[in-house]
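Naming follows writing order (A, B and C), and every chain is counted from residue 1.
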Amino acid sequence: MSKVLQHGDRSWQALLITVSILVLVLMLAIGWMLWRGSSGAHQTFGWGFLAPTSLVSWDPVNDHFQAWPFIYGTLLTSLIAILIALPISLGIAIFLVELCPAWLRTPLTWMVELLAAIPSVVYGLWGIFIFLPVVVTPLGNFLAETLAHLPWIGILFSGPMSASGSSRLAACLILAIMIIPTISAVSRDVFMAIPNAQHEASLALGSTLWETIWQVLIPYGLSGILGAVMLGLGRALGETMAVTMVIGNSIEGSASLLRPGYTMASVIANEFAEAVSKLHTEVLVEVGLVLFFMTMLLNILARFLVWRVARRTPLEVRT
Amino acid sequence: MTHQGELLGQRRLARERTRRVSNMVMLIMTGLLTLIALIPLAWIIAYVILRGGRSLNLAFFTQLPRPLGMAGGGVLHAIEGTIIVSLLAAVFAIPPGVLAAFYAARNPNTTLGIALRFGTDVLSGVPSIVVGLFAYAVLVKPMGHYSALAGGAALAVLMLPTIIRTTEEMLKLVPHTLREGSLALGASEWKTSLSVLFPAALNGIFTGFLLALSRAAGETAPLLFTTLGNERYDIKFIVTSGIKSHQGIFQVLERILDQPVDSLPLTLWKYAQQPYPERIEQAWGVALVLMLVVLSINIASRLWIQVRARRLKGS
Amino acid sequence: MEMPTPQQKAEFARNDPKMEVKGLSVNYKKFRALDGIDLSIQAQRITAIIGPSGCGKSTLLRSFNRMNDLTPGCHMEGAIHLDGEDLLASGVDVVDIRRRVGMVFQRPNPFPKSIYDNVAYGPRLYHIRRKSDLDEMVETSLRSAALWEEVKDKLNQSGMSLSGGQQQRLCIARALAVEPEVILMDEPASALDPISTLKIEELMQDLKKDYTIVIVTHNMQQAARVSDFTAMMMIDDQRAGRLIEFDQTNLIFTRPKDKRTEDYVTGRFG
């Protein structure tokens, strides 16, 4: 298509292109600034900063820093949040797509999405004063009694439940609530992208609706659902305020869900403003850098997976 | 009957009841799970309304906070702070967002167009606290102090992906006949874009901006290291004292924009951690205001998008 | 076409109807799609349903296995008897009806699983787990669908890697694996090339020995080639589909009783 450029059009195009490039540059700039801001930390600690260790070493006074407790806290809370959120989100997606009467569909969808619209601090406030005493503390005590003596997973439930309820468990539960809208919305899109012919083929063979969903639709959309989980995981990794308000913000050396913990996002939120030394600041920035990379990689992978299901229409009939 | 047929027949009858029951149970489960997910929603909203409502009075909205330990006072500083920071975010995010969207909508298949879409997606996944760190490194440190400007810039980064995406979608919805008609009349590309396409898509762009704003207004993390907080922030005072001491408009603006400010989410966070019961009650009040503002913008813009989509489909 | 001998006539008459349709009407919300259909489907014969597009052929076919239920707002009146049992009665097990009355669709729709797993899908629903049983069932079904020789060495490949004609035969094998009594075919060859079409038609002649087949087709020559009985449908003034004529195929095509049938089969419209 040949373009007849008119007066002023060249500058317009140039403006558009410049701005678009700047937006791209922004993304790279974030990574770069984080790298620069943590240069001192790289030089001092190298890769060992991130390595898993049982040592509890976060000593701003003596400049000994080790990020593993936060990485552990972030991964543990996020992964368990996914475990809790996934069945619920899939259930919601299945209900909305397959079972819900048409008039109820939009209101219910909006209500689920409203869960994502509530600000994180409000979740945190409710978490501290209501959720912790009413739900988390009793639940934690119950889990401590029943599960602490089991062989492998007992470690996760050992130790007395923290008195105030501030614990990794609380963070897991609140995170689960907050990521349900993400996972269910994307899963819904995945289900709706599955061709109707698959539905019909399965039902025409004498399957029940659940068998169709479980044995045909979910396998068909599996990579998309995986993408939904990754998007949810990305959100959980970066969630700051609600987590920091209920997780207790302390490093104890315990791996248990029932004890207070720390995540990468919450340590930055908590300590950055009062960082004791330049190295302390840089170390926190490096934690931010790690968080940035993790969420970026997850996001890219997730979009790719979701894109794959939409593209996978059945092969055109070849003759 | 064949052996195969017999086996099938036997197993079929044996499994019939189990299959029917499993089907019913699992399908009911999905409904239950949906209900379970909505319980926290109802709980939080109801509780915040009930408890926060108790703290709301005129003073709450019009006064600055009283010293710690004293009852009364309000959160005027936070309300004004939120408004200022949101306005700044809008000013910083809308022009580049809209322009980039114009490019992406017209050139979806160029390298830059694809890279732009990719970059927007990635940007939307960056945690807000990381954006806060970024704004700190780029603005606060060089400037030497915290400010509403830095906070606005941080929020703008958060809003940018949403604005680009919504604007692009709205532009794509504008019938191409509109654009072709304008070009056929001899108008240039840029004139067509600005005076034909942009107004046609304006509604949708505005609602996209509102949706982005509703998210940004509730964010705390990016403001932690950029605006810091300021309990004595009072725009009316700044303006009137500026007039009294014959300050120029730029100086007044500077005093409004270039100093630390509080905001509703930030105030909520701070108050929630203080051991004074008055502050905690006010925290609930702030939560109510914040939640209502965010949710109503969210719902309003969704409704508007739906109405427009229906209108467009009908035409 | 030859006239049937008295012997042949008697043979046809002796057959009990496998399915009997009495006064079937199908409504989608306010719209009446089918009105007052009366029809007898003979066992172990091929019945073709023909008519101009939009006359409700597919709607009629899909009533036989209650697939119409999937369309929101669908409401059916009348009765469809399968071996004497009314499929439209309340409380009937729709899931089992769909097993007894199988369906092959216009566009082949294999699952994105292996060829083996596609065919084994049905038996596995009944918890048939032993490999030897499943292997036997898969082979039998693929043989009946005239596909075994072509795929026996690549049973683990994806069902979607086959050609169009093979995919359709895979779908037939998949349907056969649950041992249906009736097989419904909704324009099964319209998306295929002539050679695959011929293969499917030959397959149908084989299958009719064990199954009752009902086929919807817009291709009159195909109906004439393949079927024993033909039902001619058209829409009336209220845009509802009606059964115009039903008879042995050779009679429909050589001595149609209704002028509209004659006009259609001689190609005056369609």
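Worth pointing out:
The rule is short, and it goes like this: a contact is a pair of C-beta atoms (placed from the backbone, for glycine too) under 8 Å apart; a residue touches a chain by one contact, two chains touch by 3 or more.
Given the structure is predicted, the values throughout are model-derived calculations rather than measurements.
Greatest centre-to-centre distance from chain B is found for C, with centres as Cα means.
Chain closest to the overall centre, judged by the mean of its C-alpha atoms against the mean of all protein C-alpha atoms: A. Just count the C-beta contacts per chain pair and the biggest one is A-B. Averaging Cα coordinates per chain places chain B and chain C 55 Å apart. Computed from the mean C-alpha positions, the centre of chain A lies at a distance of 18 Å from the centre of chain B. Averaged C-alpha coordinates put the centre of chain A at 49 Å from the centre of chain C. Under the contact definition stated at the top, the residues of chain C that touch 2 or more other chains are 95-96, 99, 125, 178. For chain B, the set of residues touching two or more other chains reads 19-20. Shown for chain A are the residues in touch with two or more other chains, namely 208, 211.
By the touch criterion stated above, chain C contacts chain B in their complex at residues 93, 95-96, 99, 123, 125-128, 133, 136-137, 140, 178-179.
Interface residues of chain A, counted against chain B in their complex, comprise 5-9, 11-13, 15-17, 19-24, 26-27, 29-30, 33-34, 36-37, 87-89, 91-92, 94-96, 98-99, 106, 108, 110-112, 114-115, 117-126, 128-130, 177, 180, 184, 208-211, 214, 231, 234-235, 237-241, 245, 265, 268-269, 272-273, 285, 288, 291-292, 295-296, 298-300, 303.
Put simply, chain B touches chain A in their complex at residues 19-20, 22-23, 26-27, 29-34, 36-38, 40-41, 43-45, 47-48, 96, 99-100, 102-104, 106, 112-113, 115-116, 118-131, 133-134, 136-138, 157, 160, 164, 187-191, 193, 214-215, 217-221, 224-225, 228, 265, 268-269, 272, 280, 283-284, 287, 290-291, 294-295, 298-299, 302, 306. Taken together, the chain B residues at the contact with chain C in this complex read 2-5, 7-9, 11-12, 14-16, 19-20. If you check the complex, the residues on chain A that touch chain C are 102, 195, 197-208, 211, 215-216, 219-220, 312, 314-315, 317-319.
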